[in-house]
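Each of the next two complexes has subunit A plus one more chain, namely subunit B in the first and subunit C in the second.
Right, the complex of A and B next:
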């Protein structure tokens, strides 16, 4: 039986107030992740995947309205005052960004920065905190951690910097780690090292991981569950096998078909999804994917007039897709 | 002069590019050996994939090939003509044969010029005034329409902007397009559109490509031949199908095994390399890969291995201990067998 989720998000809405009006970046998504498990949130630019994670962390700018529930171990985070949130953020729930260089302060040694993250949440001496930092740097695989801890971010390679950021995120033993495209800026051999490190950390500490990624290869490898986002909504969700072997939403299938693969000889052409992802809020009624969907003709008017809700699909349990096409679409229409 | 075959569009002989670092007078002068002795040939009708990690010198090689950079040593020939010493105006006829498509269409298109003006520039550089019909023809080749001529780059999506970049490169009817990471800034669904467009243009116009990319899956989709770079040198090259199915160089093998495959639960033998790429300022003696290689022995540190044929034919690797020609088990069933 599945363990009780440590992070639960219900009906999350994020709306930005801009000069051009209200922009609904996330329009009602649900997800949860259990200890030691990995949830991948997949989507293209503007799908709302990064905004969702920032909303969970309470890191959105002041012009963002967040509605819905974010429960960390049953405790509501939405609407929590700043000082309360700061006690949780970086302690129970931590974030790893894509760009390690901008996540680190160039003026301080990496050991100091990791130690600072620890001292914010623990009443310890600077020396003790630094020792803890060195242990974490060692744990994430930085060679000669005791000496390297005194070095500055620019003295590390991209992969090593990402390790430092992961060490900083893990220094307080968080229950949930949110990793927003953690390997996108890295070379593929280094990516393999970092993904292995994250897996080791999960096995050892039982950390729940929310992985935000556009790389379906990485997702297939590490995720237990997947949420596919499109235009601020959930297009499909289910186990990783549901998505890769029983994809029910035309968008998910389109993504799988559009992805070139390294492991099989090339097919003649990649299947494509016409057009490009919509800007948030531009689709007012009906299915947001409808203008690019190859199946809309078979369903007819409903795709334009009626917003599809997530409905159960055959699979390993909680497989759901938001599509009026009841049966599964075929490949390559 | 050596005899040059007709179908060689591009030939690099022993090309090197060292960027000198600004060092103070009392310091020993240093240079980044970005490209360190490369022979490279592209034949008519061929798509050559050039892969490697950051700092491998693949983009520098692309810029040397298009003569955007001057080589420190070696010779660059385009369509049989030695163009190494050509400068300025005298390069213009060469530029008609070889054009470049850049990674970031946002940065490579002038935001203050309309698409029409952007597409007119390459014609004018050749002393031609294009007709509107010619511009529309260019746009239609890349899947855009006449109505787009008056618009500005910010009015387009990333994929459309890359199409404009490709149209601009096609204006002078080149034989060879050098594409530096043409799809890495694009979303997956849009990336596939651009890759298919490149394939269509090849069929319709008989183009040849050098495709520089870090994404081995993207390159596999389109390349006929593959060259793998590491620290300024080519460590393996050959027919793409062969290099992908039985890589001979330990680096190629490790690189391919590191690419994640969209098969949940697939069990793969992964060679995880330790450490980082050494600095190109002071590359290791002998084989540049030896410091991270799982097969390295003493001989690797003494002399640099040269590209030598493996298993006969066109497939060559620069390694003293190449892998036997056996296919790598990469994964389970292909995508086509998965969906109903």
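Right, the complex of A and C next:
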């Protein structure tokens, strides 16, 4: 906790300029992550999790407007010229994608691709870079890495491919690793291996990990802090224990109710959240979650007229939720 | 790699079969024509006696099947027409003998090939460079002025007939502006500069028209490639935009471009008929046209077979290149 965060994001806004007008995708979120720590960003599809990570990397298309602060070791990244940002991408902040098959280039050997990531930031010969790539592939647990480095992505299994992607992200020893649903495309048994691998490298290199996921099981296991996003905003944030044992936002409770658990007494059946998430631009006033919320009646008019801000909640320090319901609601009705 | 060897053996057998079928078809079609090649060879006055003599000398008095078999035998063993002092020998591989031109067809093809190859290869290099770079540019500037100009140029190029553009180019650059020679061919070995100077017009005309389809193909492929996840990966790794476009985007677009290029080049090498005619170049296309006009069966069959062989060869080369360009392709 005491350690200074390596990545800090303050009041991040992302708006897309489209033919149909301005579409806000992220409307003011804050998060930070310290070396060796893991922050999980949780939310449904379209809640702005992936857009936020792309904004941090400066990877959004040219029709996206990014406002706010993204500080890497105190250095502002928003508005940095393209060439400066290029030096940071893949070097200080690296990305692990969801689908390793499409994230890897089918026309080059995996060793070449890992070596390329190294050569882009280090002035070394191709041979040295390739040797470095082989060491990384070995480190992430690819058997016979020296031979397999010459193979092409389609010649690997899904889990091995994801290891290649992780090796590629780690080859420059980045300070921050952003993993966007790194295990979603994998078998359950392989998922656990990949998460263990991420944890291992994190301990070994002191990398800060931003884990974007909708798998609360994975989040419970590896995260230190959690940010729950809904419609481009923070619904709740706090430590992993805050979220799993003291969740204060009805949306967080809905997510938890939809997840099978072994650590709390079983309820009869899993619950669902009725309806579907709004498109981020469509909520003008009030609480974006209000139309789907089971507690609206208890609060009344305020949910429709006034947007709830993040306010402190009981917990391990920085537990906050954006809900008008003052005290913690009982477990889903 | 035994897989590749078997692949090649199978493809070569198929090639031979296709060429046999093709040669038989051309033979039959030509013998169904009412024109009599012997009449052109019998001189004037053409008495029935002399006509019969000519027919015997040209071996046209045999049945169609016998003639075809003689043609096949000639490829392997060579062939002699007539007897004694007036005999004409055509050495193996003999693809027939052109009596109007008084040369074996094999010699004719080999004489004309450098001209056609010069036109085709030079134009191909230009249209590939122009087509691919304009296509990439158009894809990157999608919807902008550059894109619209490139697509408009491609549309005009696809729609324009080459003889019209060729004649206009001759008129404007050859006669009005008097900048470049409008006909004739200088062998490369004689003077490389004159060679290129005489070819520059046919090259540019052919390239301007052919590059059109490459602009469209490259543009469509690049639009697709640049949206793929691995291109985003390249950016996330910290690659500069030029590297992203060329190493990660264009690399994937290369496979279909090389395919079409191989096939286009293969068919063009068999004779750029219209271009050769317009620029008065004595290439394979011109040989074929005059062969048809003179009912010169040997020339027509020979050039047709050779063109077909080039197309089939181009197909084979393209298939092999696929294996090199795309690691996911195997020749099973």
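Note that in this section the second predicted complex is superposed on the first by the 323 of 333 C-alpha atoms of A that agree within 3 Å, B and C clash if a C-alpha of one lies under 4 Å from a C-alpha of the other, contacts with A are read in each partner's own complex, and residues count from 1 in each chain.
In this text, a residue touches a chain if its C-beta (ideal position, glycine included) is under 8 Å from a C-beta of that chain, and two chains touch if they have at least 3 such contacts.
Since we're looking at a predicted model, the values are computed, not measured.
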Let's test your reading of the overlay: on subunit A, do subunit B and subunit C clash or fit side by side? fit
Applying the touch criterion given at the start, work out whether A:94 contacts subunit B, subunit C, both or neither, answering first, second, both or neither. second
Does subunit B (first) or subunit C (second) touch A:20, or do both, or does neither? neither
Classify the contacts of A:74 with the two partner chains as first (subunit B alone), second (subunit C alone), both, or neither. neither
Is A:255 contacted by the first partner subunit B, the second partner subunit C, both or neither? first
Hey, is it subunit B or subunit C that touches more of subunit A? B
In the superposed arrangement, does A:45 touch subunit B (first), subunit C (second), both or neither? first
Just checking: does A:216 make contact with subunit B only, subunit C only, both, or neither of them? Give me first, second, both or neither. first
With both complexes superposed on chain A, which partner does A:61 reach: first (subunit B), second (subunit C), both or neither? neither
Looking at subunit B versus subunit C in the superposed three-chain picture, what is their shortest Cα distance in Å? 5
Which subunit A residues lie in the overlap of the subunit B contact set and the subunit C contact set? none
In their shared complex, at which residues does subunit A touch subunit C? 57, 59, 82-83, 86-91, 94-95, 97, 99, 102-109, 116-117, 120-121, 152, 154, 168
Using the touch definition from the top, list the residues of subunit C that touch subunit A in their complex. 228-230, 232-241, 248, 251-252, 325-328
List of subunit A residues in touch with subunit B within their complex: 44-45, 157-160, 187-193, 195-196, 214-221, 223, 240-241, 244-245, 247, 253-267, 269-274, 276-277, 328, 330-331
Which part of subunit B faces subunit A closely enough to touch in the complex? 53-54, 157-160, 187-193, 195-196, 199, 214-218, 220-222, 241, 244-245, 254-256, 258-266, 270, 272-273, 276-277, 330-331, 334-336, 338-340
